[in-house]
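Some notes on the structure that comes next.
A, B, C and D are the chain letters, set down in written order, and residue numbers restart from 1 in every chain.
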Amino acid sequence: MTDSLRVAMIGHAFMGNAHSHAWRTAPHFFDLPLRPEMAVVVGRDADRAAEAASRLGWAESADDWHSVVTRDDIDLVDICTPGDTHAEIAIAALAAGKHVLCEKPLANTVAEAEQMTSAAADARSRGVHAMVGFTYRRVPAIGLARQLVADGRIGDIRHVRAQYLQDWIADPEAPLSWRLDKSKAGSGALGDIGAHVIDLTQHITGDRIVEVSGRLETFVKERPYAAASTAGTLGGGGTSTERGPVTVDDAASFLATFASGAMGVFEATRFATGRKNAIRIEINGSKGSLAFDFEDMNVLEFFDAANPAEEAGFRRIIVTEPGHPYVGAWWPAGHGLGYEHGFTHQVVDLVTAIGAGTDPSPTFADGLQVQRVLAAVETSSDTRTWQEISS
Amino acid sequence: MTDSLRVAMIGHAFMGNAHSHAWRTAPHFFDLPLRPEMAVVVGRDADRAAEAASRLGWAESADDWHSVVTRDDIDLVDICTPGDTHAEIAIAALAAGKHVLCEKPLANTVAEAEQMTSAAADARSRGVHAMVGFTYRRVPAIGLARQLVADGRIGDIRHVRAQYLQDWIADPEAPLSWRLDKSKAGSGALGDIGAHVIDLTQHITGDRIVEVSGRLETFVKERPYAAASTAGTLGGGGTSTERGPVTVDDAASFLATFASGAMGVFEATRFATGRKNAIRIEINGSKGSLAFDFEDMNVLEFFDAANPAEEAGFRRIIVTEPGHPYVGAWWPAGHGLGYEHGFTHQVVDLVTAIGAGTDPSPTFADGLQVQRVLAAVETSSDTRTWQEISS
Amino acid sequence: MTDSLRVAMIGHAFMGNAHSHAWRTAPHFFDLPLRPEMAVVVGRDADRAAEAASRLGWAESADDWHSVVTRDDIDLVDICTPGDTHAEIAIAALAAGKHVLCEKPLANTVAEAEQMTSAAADARSRGVHAMVGFTYRRVPAIGLARQLVADGRIGDIRHVRAQYLQDWIADPEAPLSWRLDKSKAGSGALGDIGAHVIDLTQHITGDRIVEVSGRLETFVKERPYAAASTAGTLGGGGTSTERGPVTVDDAASFLATFASGAMGVFEATRFATGRKNAIRIEINGSKGSLAFDFEDMNVLEFFDAANPAEEAGFRRIIVTEPGHPYVGAWWPAGHGLGYEHGFTHQVVDLVTAIGAGTDPSPTFADGLQVQRVLAAVETSSDTRTWQEISS
Amino acid sequence: MTDSLRVAMIGHAFMGNAHSHAWRTAPHFFDLPLRPEMAVVVGRDADRAAEAASRLGWAESADDWHSVVTRDDIDLVDICTPGDTHAEIAIAALAAGKHVLCEKPLANTVAEAEQMTSAAADARSRGVHAMVGFTYRRVPAIGLARQLVADGRIGDIRHVRAQYLQDWIADPEAPLSWRLDKSKAGSGALGDIGAHVIDLTQHITGDRIVEVSGRLETFVKERPYAAASTAGTLGGGGTSTERGPVTVDDAASFLATFASGAMGVFEATRFATGRKNAIRIEINGSKGSLAFDFEDMNVLEFFDAANPAEEAGFRRIIVTEPGHPYVGAWWPAGHGLGYEHGFTHQVVDLVTAIGAGTDPSPTFADGLQVQRVLAAVETSSDTRTWQEISS
């Protein structure tokens, strides 16, 4: 009989919903070495936490994470709160010997991320594992991209161009949310969505960004307050007549150099009208190229320069074959997956690593490195100079 | 406290897996008037049924559907078996006062479908509901298409072209499976996948096919037996050196006339090399056009002739806005859904209808009408004449 | 010094414009064995013919083709008039020992096409050549498609689906033009544009259609007369309040069987709202598939089943490499060609064949065979039966 | 009778070929106020110039441009030589009272461009006109994009992302050509192709780049010499065993700020494996977005935020309607144009402006401004600082 893995989840908004679905679903499609038990969900408001427990499938609820993360009957803490709370919760949980899954970005500052990474290293020596939730790594097309690069099919990488384009606050009258408040969110488009494309491009290429020159912009400096709190929603609901300041970036763009010498060009914005969740990555190498767009997430485009010129072209690979990463567990070819599958795969990889006593990936150290790139972009924007990223 | 709806599912292969996921998932994202309980799964082999119960999340398992469909503690029977058993199970379940969800095609013959429809009408008068599982109706883009037609945005429909293209037996050495055996499957590409595009085009247009001229073809007449039984897989696994006959069609094409006079052109094939699950529907009307391809399932293309000619073009609508059918319950805009969401939406619509005492759609009568179109295509292919479809 | 080839062109509307551009342009990009001289253009109205000569680059003009086609100083007659005049002009020109290029469809009836083909065979024995203008054969992507099929890259062909979709009379108030008048045009969508996809699919596959079951439809039976004659335009200009009958088909659809057993599905319509000149061809074979859409005319999509499943996908081949058909004479890779290049390539192939004393392709016999398919579709629509095409 | 405009063209390689086609073709499709006469083509090698005259349609040839640009019977000088000669030829021609069309980039240095602009201003006061050849402005889809921006359909522009991607030297063994020699070409990818996207984005937005932070890279520092001179080809032919240095950039990327505050992200590279001539421009504004890719050059994508969210999507406008820029002169809707049409439209606009005595656009001042952006990017790459562009 498989041992159980008792999970406490902190936070139950958008990310908590996605994580809950993953915890519920993973065991039905994948063979896991441990059997996840959805033990307790934590929220600041007891009533809403109780409602979330019922809706999301957790056995109980609580309103204080401090007492939960030290409970003997909890094995893993899943952190789905805004970034300003990540460090405190994660460090406490690790100290209490709990495995930790922490939503990205790892923290709101490099200093916090360093503390967390140090705590994770410490815990690691005691057999306790920590993972940061760059879930898009688990989209099968991204897995395939990484594999093709690792197999040398793209050759030496020359160009990395990556964009994360959304438009949910392109309208100047879209209301303030915690995501536009630096004290909560730490960063705007850069940290919220730019972090993903930084992680993804480094993950696919197996390379590291070593310097950046960037620019942040806040196009709309003030916005109406939301009429009422709308947890977990992105700018929905009505607005108030009062206005407050936007204290994070609306958009970020930066040039990057990878350790290999590849040139990177990055953008992250919430002002790309008509682009809903366009994570677009293109990689050009000496032997081939790859292109991905999350708006068509079951597809990877691959140009293989080994084909004769007259037959060469970007191939639209529908990444739903049994041999593609994670896909064999799901449906027949051509029956596409959706956004939430990345979270399910994340649970699979995490539980598998814990069961095997190996490091789940990405580690907190990976999250820290992304944090350092984010910080370098911010500094570069302030100082109008190139910034190196220490490794 | 919400009342429960105790479900028994018959069959646990590919469709049983998809249905189980839907029963598990629907209550976590949608408000349902009844609380589904996954009571029992039935399979002919007791051991495999028990394994399926554990893997798919059913409380118990059984190996004889006859005793299950009459159990007092069962409210609904979900039929996921091959088509040759649908009539017997559905009629027994309805007679026992159980609601029925039956996979498509409704039956293997028109005669069976008529008996089932008659049984459903009978049951209906006793407050018992029956639904046939044309799940693709529940893809949000299809729902949006139907809505645009109903709102008159396309005008008078002139052309319906629909293809369901797969390639899983394009290789002549792909093994025999029950889906290639007329005694089990009733029909080949026509009934298995052609049925979907018949239903979808009628659903979107709100119109009916009244006559057809068609041709069926079996390109590969003999195939190797599969090396071992591989329930729920489509042609995977090794093959034996012995061969057996393919007794269903590999491909079907037919012209159709709709009641409105619109011209229809249909194809269903398992020999479209490179097309994995391409359900492609294009509708041209006097005021606009629609185009859909399941290989990019979160998108509906819409041409609005009301736009000035210089600004008009097919719009790639990403059907993930909160206002799109079913989408509000899921993720923010741009975070696409996958294949299995259609099944979840099917559960939602079915349970909602049962709760409200209204007819779930599509009814068995809808399934029967599709069956009549299928039969007319077969007859047309045999007689090389146009065939009318009685209504 | 290269010998000259003195050309007379009959008709100077849309097709005459395209042909003139080709005669002017071909010698500047291709090495031709004969030097085309644009000697005379013929139109029924002397003034308009003179204007056309000046605008299109012809040395002189005339208003009676009879005298022109027998002139000693004319080597080739290029027929760009409506289909009802093709037979008479072509037969007279061939009898006078002139090479003939005749626009498609070859004629308005099979009987005329047979006479023309017989006249061409006769002329052939005297070293005089005849060609029918299925110009889309000369789109480089079509040439590449034919080559891939000939090289066995697609394997045994199972499916041919072809559509020629336009929308220029989708509006019921679009005016009558000679193209909607059976006495001039012979046929509607079927003969005007359906002829192209019949020819193209046969050309690409190297196969022949042997039987058809089809349906023609005239959605809008009466239309306003055009306010004034607008030769060469497609439905532009204002309309009168008077109405006249549409005597040709608005749309045609038909099933076809190829000699190889491949299944064909064809559509031709002027009612596909939003589709401007969508010649769409998809071919599925046992080893691969091809897809083409003239709305993206510099691209051929190719699925190669020889690729491992995990790497396979439709390749978007941009058909602008020097090694692609005709392309080496033009621009560097990626610098796409347009509609009119097909006509230039047609001139190149025709002049090259005349210079070499070989048969230009497609011959009048090819045009006759297409005519027989068109006639069979019409008969099939009238009789509601399958029709065989004699070879 | 229309007056003639006697043209001398200097240079007859790739650009000379394209310009010749335009001079030959424009009068046949457009009404021009002056009748171009292709008087003389000039090349350094007399024999090759004579061959070019015959092939390209020029009345005579010459091997010394100095004597030609002062000939009384020449009205306009069309400069198609490498950039190092532009200034000298253009200034001499303008001084001699000849109109000038000069290929881009205007010059190899800002100093030269300034002299040319000054000479053009001087000439302007004498009724002599000068134009720089940013031909892609004349692609109809680009014209439509500019119009939509000017009409306010995009609102306030937030983001401009532009890439010019080619791959013709991605192979490290591709030979040296004059385009890789700084003394001839002045610049590499930046000046050759980056110049186009700088001009295009400024043209479409009606805005100016005011500062940049950029990086240039030469991935392959040495290449084999070409086996033999291959005028007008881009790296075709064999290679020698000897190698020489690449003295220009292989790739350039830069961030830009527009006067309006819009954020720009630019790339130009000859190392984007699989991208043949991908001029990709995306513009996001507060009311809409535009997207263009020259690899599908007859299409403009337009997202109109004025559409209800449920119906909004990027529209694929096929820019072949009679009402689209330049298109009415060509073919019916859906019959796409090609690369060379931009040159024909350039001739049309130039001759029209000369006829009307108005300024042709883009002027040498526009070319100078692009040159300043190019220089600022180079300086920025050297100094690793942001650079302002003086206006």
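We adopt the following convention: contacts are C-beta pairs under 8 Å (C-beta built on N, C-alpha and C of every residue); 3 or more make two chains touch, one makes a residue touch a chain.
Keep in mind it's a predicted model, so treat the numbers as computed, not measured.
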*Tell me, which chains sit next to both chain A and chain D?*
B, C
*Based on CA centres, what chain would you say lies at the far end from chain D?*
B
_With centres defined as the mean C-alpha position, give me the chain A-chain C separation in Å._
54
*Measuring from the mean C-alpha position of chain B to the mean C-alpha position of chain C, what distance in angstrom results?*
42
*How far is the middle of chain C from the middle of chain D, if each middle is the mean of its Cα atoms, in Å?*
35
_Quick check: what residues of chain C touch more than one other chain, meaning two or more?_
275, 299, 312-314, 318
_Of chain D, residues touching chain C in the complex_ = 14, 18, 20-21, 24-25, 28, 55-57, 166, 168, 233-234, 236, 275-278, 294-299, 318, 320, 322, 331-341
*Using the touch rule from the top, collect the residues of chain B that touch chain D in their complex.*
144, 148, 299, 301-302, 304, 307-318, 321, 323-324
*chain A-touching residues of chain D, taken from the complex the two chains share*: 158-159, 161, 163, 165, 167, 170-172, 213-215, 217, 219, 251, 253-255, 257, 261, 263, 265, 267, 269, 271-275, 284-289, 303, 305, 312-314, 384-386
